[in-house]
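Same chain, two partners: subunit A is paired with subunit B first, then with subunit C.
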Partner chain A sequence: MNEKAGVVIIGGGINGVGIAYNLAKKGYTDVVVLEKDYLGSGASGRNGGGIRQQWSTRENIELAIESTKMFEKLHEELDTEFEFIQGGYLVLAFTDEEITQFKKNVKLQNELGLNSVYISPEEAKEIVPKLNILKVKGATFNGTDGIIYPFPVVYGYARAARKMGVDIREHTTVTDIVTDGKEITAVKTDKGIIETDTVVNAAGGWSTEIAKMAGVELPNRPYRHEIMVTEPFAHFLDPMIISFHHGIYFNQAAHGNIVGGIGNPKEYPGINQRASLWFLRTMAKTLVEFIPNFSAVNMIRQWAGLYDTTPDAQPILGEVPEVDRFFQVNGFSGHGFMVSPVVDKVTAELILGETPSMNIDRLKVTRFEGMDLEKEYSVVG
Partner chain B sequence: MGCTGPEGEKMTVIVCRCEDITEEDILAAIEDGYCEIEILKRHLRIGMGPCQGKTCISLLERILKRELGTSSDKIGRPTARPPSRQVSFAILAGDDHE
Partner chain C sequence: MPAKRISEHPVLEFQRGEKFFFDFEGKKIPAYPGDTIAAALYAQGLQKFTESKLLKRPRGFFCAIGKCSSCIMRVNGVPHVRSCITLAEEGMKVERQSAMPDFPDVALPCTPVNEHKIEIAVIGGGPAGLSAAIVAANNGADVHLFDENANLGGQLVKQTHQFFGRYEEHAGTRGVDIGKALAEEAHEAGVKIHSDSTVLGYYPEMTVTVDSSNSLEIYRCKGIVYATGATENFLAFENNDLPGIYGAGGVQTLMNEYGVTPGDKVLMIGAGNVGLIVSYQLIQAGVEVVEVLEALPKVGGYQVHASKLRRAGVPISTRHSIIKAIGTEKVEGAVVQGLDDDWKPIDGTERTVECDIICIAVGLQPDNHFLRLAGCETKHVPELGGIVPLRNEYLETTVSNLFIAGDSAGIEEATVAILEGKLAGAAITEKIKGPSSELTTIKEKAILGINDMREGPYGKRSKKGVNLCTFEGGCIG
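Coming up: the complex of A and B.
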C-alpha cells in the first residue's frame, strides 16, 4: 500500500522547509518534504547571505521589505542564532545610466516605505573609509539591509517543523509526478510512491526538471554563480558592497571572513557547481581595485551554486494553468533566500485556500505568455 | 566520551584547531541531530578555517563512525574546495606574464 500525504514539498532548501514550517504553524502537518541530498545542499547553503531591500521592481521591493521585518523576529520564533547583522547595503554606480536608474530605484523604494538614500562618492567613503572611490560616480545606501548566516535558518525551520510533526526526508530523490488529467495523484521517489493531490515545486536550480515531470514547462534556467571566502580578521566593514557594473558583491560576515562573488557574463545555463580559475582571478583583481588593502588578505575557499534564473529576474509563485494544486516557488534568480519569509507564509496560505496576506498574482508563471515584462534590473553576482 | 587526565579530570580535545572546535562540541552536535559531515561543517564551522579541514575532517569522520556505528557513505565526505592552500589576493590579482 502506498503512503499518503496532504502536501508533498519538493526541495529541502530555505523555501521547502520554510513552507513546511508555515503550514505546521497553522496546524497543518500532513506534509512530506523531499530533499535529494542534505538540507540546504543547493543554493540555500551556497549563497552569500545578503538580505537586500534595494530593488528596482515593486514586487521585489515589497517582498524584501516584508521579509526583512520577518527576519528581524524569526530567530526568536525558531530559537536559533542566524547572525543577522543589519549593516546596510552600499550600492555603487559607475556609469551615468546607473545614476539615472539608481535615482529612479530610490524614488520607488521610498514610495514603498524604504528609507534608502542616494549619496555621493564622498559620502560612500564616509561609510567605508577604505573604499577606492576614484571611478565611483554615486551610490545608494539602505541601513536596514544586511547579511545572515543562511544554514541555521534552514535548520531552524526544519527542526521546528519536525517538532510539530512534519516529515522531512533527506537523500530521497523525486523521479516522477503522476497526473490524471489536470489532477496530481502521486509523487514517485527512489524510495517509494506517495499519494497526494498537492505538490510544491521548491527545487531551485532543479525546478524546471521537476515541473517537466508534471508536464509543465517553466522558463527558468539554472546558471552557475561562484563565490569565495577569506580567512577571518578583525571587523572593519559594516555594509555589503555591490556593483552591478562589475557584477560583484562582498561583505564581512559576523565571523570576520570576507564573503563575496562576481558573475561571469559568459556563463552557460546548466547544472554546474564546480569552481573556476577565471572566477578566482577576476574576483581578486576586482576586490583589490575596490579596497586596495585587501591585497594582504588570504583567500581560503571557493565554491559555486545555482541561480534559478527567469527571463525577468523575478520569482515564479502560485499555481500553473496546466495542472491543479501544483504550486511554484522557484525562479528566484539569485535572491530567493532574502524574500523567503513572506514567500513561504503566502504560499502556505494559498495551499490552505486562505486569502493571501500579500497579492502575488503578478508573479505567476502566466506573466510570461506574450506580455511585456518588467525586468528586475538590480541583479548581482 | 572524551579524554581524562591523570586525576580522572575531563580534558578538552581540540579537533579543529582553526575554528577551535572540541570533541565535546561535536558530540553535542551529533546529539542535536547533525549527523552528516557537510551539515556538521556548516553547523560548527569545523574544517572551514584557514587550513580547510586538512586534519580535522578525517578526525570528524572517525568520531561520526564511532558514534553512529555507520559506514562512510552514510556520513558523506565534503567536496575538496580550491585552493589547496590559502593564497593572498595580491598574488591572485597579479598581472599575467605571457
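Coming up: the complex of A and C.
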C-alpha cells in the first residue's frame, strides 16, 4: 500500500525545510520533505551566507527587507545560533554606468524604507581601511546587511519541523511526479510511492528537471558558481565587499575566515559542482587587487554550488498554469537564502489557501510569457 | 632539561653544519643547516607553539611532518606557516601566533603562475612514490615527483632499524639507508624531483597545482601516481591536547631526522610495531621509556621488537590505557588504568605514571583527500585503516590514469609500499608509453611479492581488506 501525504516538498535546502517549518507552525504537519542527498547539500550549504537588501528591483528589495527583519529574530524562534553578523554590505562601483545605476538603486531602496547611502571611495576606505580604492569610483553602503552561517539555519528549521511532526527524509531521490489531467496524484521516489495532490518544487539547481516530471517547462538553468575560504584571522573586516564589475564578493565570517566567490562570465549551464582552476587563479588575483595583503594569505578550500538562474534573475514563486497545486519555489539566481524567510512564510500561506502576507503574483512563472521583464542587475558571484 | 640535541647515537651520525641564528620573539635561536624552525625551537626547550582558538589552551607540535597544523607560526610577518616543515634560515623572524592571528601586515610580491605539460606526476616521495617514479623513469617516461618535505624518503628517513621482508626490497638494511638509496636511484633514473613542494589540489582533467617556494605551478599530466602515505591516529582522553603529547611518528622525526630528543621520560601508548620500534629508538637516543601501554590483551607488533624492549627493562602493560594527562602548560605525568574484557576501565586500578612526554602510537589512517577531490570512488575498510580508494589489481583507481600506492591506498608496511610503487609505476608507464616485456615482468614480480607479503601472519588482515576494495578488470573509462 502506498504512503499518503498532504504535501510533498522536493528539496531539503533552506526553502524545503523552511516551508515545512512554516506549515507545521500553522498546525499543518502532514508533510514529507524529500532530499536526494543530505540537508543543505545543494546551494543552501554552499553559499557565502550573504544577507543583502541593496537590490535594484522592488520585489527583491521588499523580499530582502522583510526577510532580514525575520532573520534578526529567527535564531530565537528556532533556538539555534546562526552567527548572523550585521556588518553591512559595501557595494563598489568601478564604472560611470554603475554610478548611475547605484544612485537609482539607492533612491528606490530609500523609498522602500532602507537606509542605504551612496558614498565616495574615500568614505569606503574609512569603512575598510585596507581597501585599495585606486580604481573605485563610488560605493553604496547599508549597515543592516550582513552575513549568516547557512548550515545552522537549515538544521535549525529541520529540527524544529521534525519536532512538530514533519517527516524529513534524506537520501531519497524523486524519480517522477504522477499527474491525472491537471491534478497531481503521486510522487515516485527510489524508495517508494507517496500519494499526494500537492507538491512544492524547491529543488534549486535541479528544479527544472523536477518540473519536467510534471510536464512543466521552467526557464531556469543551473550555473556553477564557485567559492573559497581562507585561513582565519582576528577580526578586521566588517562589511561584505562586492563588485558587480568584477563579479566578486567576500566577507570575514564569524570564525575569522575570509569567505568569497567570483563569477565566471563564460560559465555554461549544467549540473557541475566541481572546483576549477580558473576560479582559483581569478579569485586569488582579484582579492589581491582589492586588498594587497591577501598575497600573504592561504586559501584553504574551494568548492562550487549552483545558481538556479532565471532570465530576469528573480525567483519563480507560486502556482503554474499547467498543473494544479504544483508550487514553485525556485529560480533564486544566487540569492535564495537571503529572501527565504518571507518566501517560505508566503508559500506556506498559499499552500493552505490563506491570503498571503505579501503579494508575490508578479513573481509567478507566467511573467516570462512574452512581456518585458524587469531584470535584477545587482547579481554577483 | 626537557629537550636536547643528540650528540652520540649508536646508529645515526648527526653531522651538523655551521651554526646560524634566527630571531624568535626577540631571542636569538641557534640552528643548523637542515633544521626546521620547529626542530630548532624544540631543541631550545620551546614546547608551546600556538594556542587553541576558543579556550586558548597551549598547543605543541604533534605530527612533525606537516599534516596536523598544530605548529603554525608567523614567519617574516606571514601567519599560518607550518614550522615543522619549513627550514630555518639565517635572520628569519619567527613569532608565535594565536589561533586567530592578525591579518598579514605585509604584501608579498606576486609571482607568476607557471604551466607545465608532463607525462607522469608522482605525489609523495616515500618508499611507494620513489619506487613508482624509478620504474617509470627507467622505462622512458617523463616523471616529476613532488614532496612537501625538504628531504626525500618519506617515513623511511627516520627508521633506524633493519627491515624484515624481502631481500629484493632491501631486507636487512636500515630504513634510513633504504630511503637514501631510493632517492639516489630516482636521481639517477632522471626523475625530476621537486622537494619542498606541496601539492595543493586536483582539477579536471589530470591537472595538479603545486605550491613551490610560494609560486603556483600548474602541471597538466597524462597520469598520476598518488602515494602520500598516512596520518597518525589520535586518542581521546582527558587533557589530551597538552604540549608533550605527540604522535610516535612525530617524535621519531624530531629525534632521528633532526637529532633532538623529545624529553626525559616517555610513556608510550600502543604496542603495535610503531609503538615498540619508537620506544626502542628513544632508548637508543638516551631517553627513558617508563612504560608501554597496550589496550589489547597482547602485544600487537612483532615479538622481536617487544623482546628488545623487555630486555632493556621497559614494562609493557597489556589491557591498559591512559585515562588522563596531568599538567597545565605541559605534560607532568599521566593517569593510567587497567581495562576489562569489554575495554572498560577497572575501578581501583588507576595509578599515576611519572613522565614528561606521552607518545601516541595507536595506528595510522590513509591520507587520501586528494583522491576524493579527483572523484575516485572510496570505501571504508577498517582492515586498511579507514577510507580507501577502490582500485584494480594494478592499483588504478576509478579515475582513469590515476594510480595509488603505499599507505594512502591502505595501511600496510614499507615493503608492500615499495612493491606497490613498482606495480603502479609499471602499470601507468604501460598505459602512457605502451607495453613492453620489461614492464610486464616488473608488474608480475611485484604482484607475486605483494601476495607473498600478505601470506604472512601479519598480512592476512591486509589481504582481507584489499579484497574488499579491489574491483575486477580494467579501469572505468
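Quick note on the criterion: the second predicted complex is superposed on the first by the 381 of 381 C-alpha atoms of A that agree within 3 Å, B and C clash if a C-alpha of one lies under 4 Å from a C-alpha of the other, contacts with A are read in each partner's own complex, and residues count from 1 in each chain.
In this section, a contact is a pair of C-beta atoms (placed from the backbone, for glycine too) under 8 Å apart; a residue touches a chain by one contact, two chains touch by 3 or more.
These numbers come from a predicted model, not from an experiment.
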* **Clash or fit, subunit B versus subunit C on superposed subunit A** => clash
* To do: For A:377, select first, second, both or neither according to whether it touches subunit B, subunit C, the two together, or no partner.
  => neither
* Check the residue A:45 against both partner chains and state whether it touches subunit B (first), subunit C (second), both, or neither. => first
* Asked: After lining up the shared chain so the two structures overlap, which partner does A:256 touch, if you call subunit B first and subunit C second: first, second, both or neither?
  -> second
* A:130 contacts which: subunit B (first), subunit C (second), both, neither? -> second
* Tell me which partner A:231 touches in the superposition: subunit B (first), subunit C (second), both or neither. => both
* subunit B versus subunit C as contact partner of A:298, first or second or both or neither -> both
* To do: Using the touch definition from the top, say if A:281 reaches subunit B (first), subunit C (second), both or neither.
  => both
* Which one hits more subunit A residues, subunit B or subunit C? -> B
* Asked: Where does A:94 make contact in the superposed view: on subunit B (first), on subunit C (second), on both, or on neither?
  -> neither
* Looking at the overlay, what does A:155 touch: subunit B (first), subunit C (second), both, or neither? -> first
* Intersection of subunit A interface sets (partners subunit B, subunit C) -> 231-232, 255, 275, 280-281, 288, 295-298, 302
* Touch list for subunit C against partner subunit A, complex -> 53, 77-80, 98-110, 113, 201, 203-204, 207, 209, 216, 218, 373, 375
* Asked: What residues on subunit B touch subunit A, complex-wise?
  -> 33-34, 36, 38-39, 42-43, 45, 48-50, 52, 76, 79, 81-83, 86-90, 92-93
* To do: Sort out for me which residues of subunit A touch subunit B in the complex.
  => 38-41, 45, 151-152, 155, 159, 229-232, 255, 275, 280-281, 283-285, 287-288, 294-303
* Would you tell me which residues of subunit A are touching subunit C in their complex? => 130, 231-236, 255-256, 274-277, 280-281, 288, 292-293, 295-298, 302
